[in-house]
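Look at the two complexes coming up: chain A is in both, with chain B in one and chain C in the other.
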Partner chain A sequence: MAQITIDGETYEVGDGLTILEALDQLGVLMNEVELPHYCWHPKLSVDGSCRLCQVEIEGVPKLQIACNTPVRDGMVIHTKSERVEQARRGVMELLLLNHPLDCPICDQAGECKLQDYAFDYGVKHARTDLPRRPAKKGFELGPTIVFDQERCILCRRCVRFCREVSQTGELGVFQRGERSLLETFPGAELDNPYSMNVADICPVGALTTKDFRFKVRVWFLDDVPSICNQCGRGCNINASRSNNRVYRFVPRRNDAVNQTWICDHGRMSYKGLTEGRCTEARVGSRRVNYDEAVSTAGDRLRSAIDAKRPIVVVASPFASNEDLFVLQRLIGDLGCEPGTFAIERGDSDALLIRADKCPNAEGARALGFLESDAAVGEAAIALVLGRVAPERLVNVETQVQLVSHEADISVSADVVLPVRSHAEYLGSFTNFERRAQRFSPFLEPCFEAWSFGDALTEIARAAKVLGWEQPFDVIRVSRELAQAVPAFAGLDLESLPAEGAPLR
Partner chain B sequence: MQTEPYTKLYLSEHYGNEAFRTLAGYEAAGGFQGLRAALARDPEEVTELVKSSGLRGRGGAGFNAGLKWSFMPKGDERMKVLVCNGDESEPGSFKDRMIMQQGPFQILEGLLIAAWATGARRSYIYIRGEYQYPIQCVRKAVAEMYDKGYLGRDVFGEPGFEHDIVVHSGAGAYICGEETGLLESLEGKKGQPRKKPPFPAQHGAFGLPTTVNNIETFAHVPYILSRGVEWFRGFGTEKSPGTTLFGVSGHVERPGLFELPLGTPLREVIAKAGGVRNNRALKAVIPGGMSMPVLTPSDLDVPMAEEFLSERGTHLGTGGVMVMDDTTCMARVACVISYFFRDESCGQCTQCREGTGWIHKLCERIEAGRGRPRDLELLESVPALMEGHTICAFADAAAWPIKGLLRHFRSDFECHISEGSCPFPESFEL
Partner chain C sequence: MKPETRKKIDELFRHYPERRGALLPAIYLVQEEFGYVGPEAARELAEIFEIAPVAVWEVLTFYNMFYTEPQGRHHVYVCTNLPCSLRGARPLIRCLEERLGVHAGETTADGRITLGHEECLGSCGTAPVMRVDGVYHENLDLERALAIVDQLD
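Let's look at the complex of A and B:
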């Protein structure tokens, strides 16, 4: 350990870190310690070129860049001295020299580090009236990204991302000196499964996604922490929403799961949250209101119980831990066969994308569900969560299906109950490394739909199953889960930290 | 082309003699005695000796060569590398070319001595791509060494002393002369200086421990070993021993190279070059290559050694002395200098990329008579934004000469602004 002093505050930091790394690990960077920086990014190699992060170190004659200077025990650092501020103002002035200052038509406005830092540390008046360097405006670098060359400050974050993270290397800085321009290599397009991350890391409005560009000013958006449900990784995201509409997903940093990235597929999955939803309850081919569908399902379940006929349950790896806990308890109370779930598999890679295309297979396993895509046994009634292959249910008389999307409705479903997507309720998923992670609702459906756990509870109540008198309450259920299942001990929704926690 | 300096001392004694460019001729003239003397000593002793000789790097920064060698890590299993910097791209410098052409074996001997001292297994000689003939000369010398069995294994009969030398041609960028820009270029990458740490001694060429020295620096080394530290210190000053090849250019009667002891007064250097052309009055002298601030006639007595020049706000640099007579328009000089630096900046660092462009645009506008009074203030403050804040010293090199010109010749610039035209009808054309 090394002890360093920054602006009079003393910190214990790990040896071998750079000053910026140490501050980042302490979680004080840009909070307690304001140390503006452009080219440095916690998950990319050090570039050391923007020169904005210069600090004064006692005993060292020249200012040093915090992003490439290793900490030393006893180091005394100043980030607010006149010399530092002067150097910073110099960098800001020079960066703005060739910048178009077209903030009113720039999509980055509101989350632009050039705008922010110029405001906080910059010079207020331009000292030059010289023409700016010519550069291209708004052209496509590939299928997902639009580039405004004029706004680029050449921090090379995007270049390093493509070399080091996506490992596709489409971008480079061409020419040299003040003629330097960021471009794709001749004949190459910026096209890789992670391409849109470059828009997040670009500190200015040079790289924007075609998808989000010009949709909404960011200051109208608020961010709700959630989890991507497109594969077993469970990348942490923020859903940016306004007026009950979601405009984008952006990665939320979690060093144990997705670093600061998400894949393009996951990012675009917000579209599926509102498209093709199952909006109406059904009994047979008849549209009914929700209560009627619930009571029909409850009646059929009651008849099966009374007739002592077999009942089966098909779980879903898209349901939350809490949903699945409720389901598992119902299985116990009904005394039916263990529930099963099936996983759809697809492409995977070494970075984030997992082959299992569902968010909670590990949660289902941890709660005692068995993975299977075999046909279920003969049964009077099947309670089915989510999409199911029709062949699995050939031996079932009555099929009650809880689905969020039209396309998931099985042709043989007798009762259909619309359920909420994970965007619309509170819960947790367990990712492929058995890490429980909480997601929060950021949309409210404009039709009647309940969460899996809620709908299941209401069906059990309608069927008058003993012990199912109380309505569903996710917080209470999560506490019960934490008490009942040792793997989830201490991991109820209120105790689960923002970055999630491994199952016990 | 000059085949020998106009004045010669030990380094260039045999320059111009065709035989000296062959291995046999070099040996006949006493070549490799320095290496033999080195091999008779412990490597550490050789490093100490070079350190105590006070030999300073001739590539511009003037760092003690032996001290630099001592930074090479000891007890490190990795292969160690020497790099000989033959990029010679500082405008006003043309000494390394002469050495490569006339004394290529001096360089190779110096490299072998350094290899013995530092434990380096391989040397790269990086030569600027425009230097096709020097490249040929050095390649030929290396080939002769291999033919004779002087390179490869058991060098000079010293069991276990292995050394290979690779000659690498650059592709023409000033910044590839900066040692880490050179290393990137050598590795086949875009020539952009590296941030430090890590320093080359820890992580240099191809990630290996590396020492970079200038061509001339290596060429002096054999004499220190063969003739001794005392003898070497007999030339030059206390803090800057030895000779150097001053390259005098510009408005003199006899431009060219002159081997003179360091510390020779500027006046004498110019006199050797025949004085200012056409008996005109001297206006300014750049003492060490274009990136160094100018001196004025009042500085003529300054001894040409770093310790004296730095007192006058400038540096010895590469010893490229550029003489300007009274016809010269300093606003034009600023224009030429700023054009060069704007063009050659690698463009990584904000201050250098943007500052060099800004300075040049200002200089251009002032020179063309379109400057505004405020432009002079800017021309003073923009270099201050750049200096000391960047990855490499290029930004300093771009800032210093402009600062120097403004300090000494502000009125030239003011004239352009107030008159709207150039007051020097006979000045060189842009």
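Let's look at the complex of A and C:
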């Protein structure tokens, strides 16, 4: 361990770290210690090219860059001295020499570090009237990214991302000195499954996603922490929303899960939250209101119970831990066979993308559901969560299906109950590494509907199943889950930290 | 690229602890063959060196002496750094531009001559200097410069 002093505060930090790394690990970087930097990024190699992170170190004659200077025991660092601020002013003047300063038409405005530091350290007037470096404006680098070359400050974060993280190496800085320009290889495109992350890490408005460009000013957005539900990784995201509409998903840093990245597929999955939703309850081919669908499902369930005929459930790996706990309890109370769930599989890679295309397969397993895509046994009634292959239900008389999307409705469903998407309720998923992670609602339900847990509870209440008198309350259920299932001990929704926690 | 060029590149690898170190001389070899190193040749080099094509392109565009586009049969480069400029390099290059009908950095339509600026040639004592196909011409005046350029075929 090394003891370092920054602006009079003393910190214990690990040996061998650079000053910026140490601050990042302490969690004080840009919070308690506001140390401006452009090219350094916690998940990329050191570049040392922007020179903005210069600090004064006692006993060292010249200013040093914090991103590439290792800490030393007893080091005394100043980040606010006049020398440091003067250096920052110099760096900002240099960077702004070639910058178009077109903030009024730039999407980054409001979350732009160049804009922020230009306010703090910029000079009002350029000391030269030489023309700016010729560069292109607003052209497509590939299918997802638009590039404003004249805004680029050549920090090379995007270059390093493509080489070190996506390992596709599409970007490079060509030419030399003041003529340097970021580009792709002639005729090639920036096109990889993680391409849009470059827009997040670009500190200025040079790289923007085609999808988000010009949609909304970022100061109208507020971010709600959530979890991507498109594969077993469960990347941490923020959903940026305004007026009950989601405009984008951006990665939320979680070093144990997704670092600071998400895949393009997951990022674009926000579109599916509102498109193609199932908005009407049905009995047979008749559209009915919600109450009628619930009481029909309840009646059918009651008759099966009274006739002592078999009841089956088909769980969904898209349902939350709390939903599945409710379902598991219902299975116990009804005395039916263990519930099953099926997983759809697809491509995977070594970075983030998992083959299991669902967010909660591990949660389903931990709660005692069995993975199977075989047909369920003969039954009077099946309670089905989410999408199901019709062959699985050939032996079932009445199918009650709870779905969020039209496309998931089974042709043979007898009662259809629309439910919320995970954007519209509170719960937790368990990712492939058995890490429980909380997601919060960021959209108003687009119609009258309940979560899986809620709808199941209502059906059980309508069927007058003993012990199911109380309505669903996700917080109470999550506490009961934490008490009843040892793997979830201490992991109720209120105790779960923002970065999630491994199952016991 | 020709098998001989390829063979020479393989031979180069033996002289460097890391393959990548041989990139500069390899680019020279390819440029010798084609007169320039375009995207296709750069891709081929990237494959041989097992690096991303952009990495080759970064090196190629960094150095003045590599060309990414076809050049003229003759290369005429005029030094325009400070000492040469003080001794008349700017009017000289303007005069050559006029005679050849191209801007510095361009090639005549008949593919005869590529005209360009050059950074200091290390011969400031005999400024202004121009380099024609690798040969220095020193202490130039307009007349001599034009005469030299005119007799290039």
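As a convention for this text, the second predicted complex is superposed on the first by the 502 of 504 C-alpha atoms of A that agree within 3 Å, B and C clash if a C-alpha of one lies under 4 Å from a C-alpha of the other, contacts with A are read in each partner's own complex, and residues count from 1 in each chain.
Keep in mind that, in the parts below, a residue touches a chain if its C-beta (ideal position, glycine included) is under 8 Å from a C-beta of that chain, and two chains touch if they have at least 3 such contacts.
Since this is a predicted model, take the numbers as computed values, not measurements.
J.: Applying the document's definition of touch, where does A:220 land relative to chain B and chain C: first, second, both, or neither?
T.: neither
J.: Looking only at chain A, is it chain B or chain C that touches more of its residues?
T.: Greater contact footprint in residues on chain A: B.
J.: Identify the partner contact of A:188: answer first if only chain B is touched, second if only chain C is, both if each is, neither if none is.
T.: second
J.: Looking at the overlay, does A:91 come into contact with chain B only (first), chain C only (second), both, or neither?
T.: first
J.: Tell me the contact category for A:169 with respect to chain B and chain C: first, second, both or neither.
T.: A:169: touches chain C, not chain B.
J.: Applying the touch criterion given at the start, work out whether A:119 contacts chain B, chain C, both or neither, answering first, second, both or neither.
T.: The answer is neither, since A:119 touches no partner chain.
J.: Where on chain A do the contacts with chain B and the contacts with chain C coincide?
T.: 173, 175-176
J.: Under the touch definition given earlier, write down the residues of chain A that touch chain B in their complex.
T.: Listed in rising order, the residues are 46-52, 54, 62-63, 65, 68, 70, 87, 90-91, 93-95, 97-98, 127-128, 130, 133, 153-154, 173, 175-180.
J.: Which positions of chain C touch chain A when the two form their complex?
T.: So the residues of chain C touching chain A come out as 39, 42-43, 52-55, 57-58, 61-63.
J.: Which of the residues in chain B end up touching chain A in this complex?
T.: 173, 175, 190, 195-197, 342-351, 353-358, 361-362, 365, 374, 378, 385-386, 388-391
J.: Show which residues of chain A lie in contact with chain C when the two form their complex.
T.: 163, 169-176, 184-188
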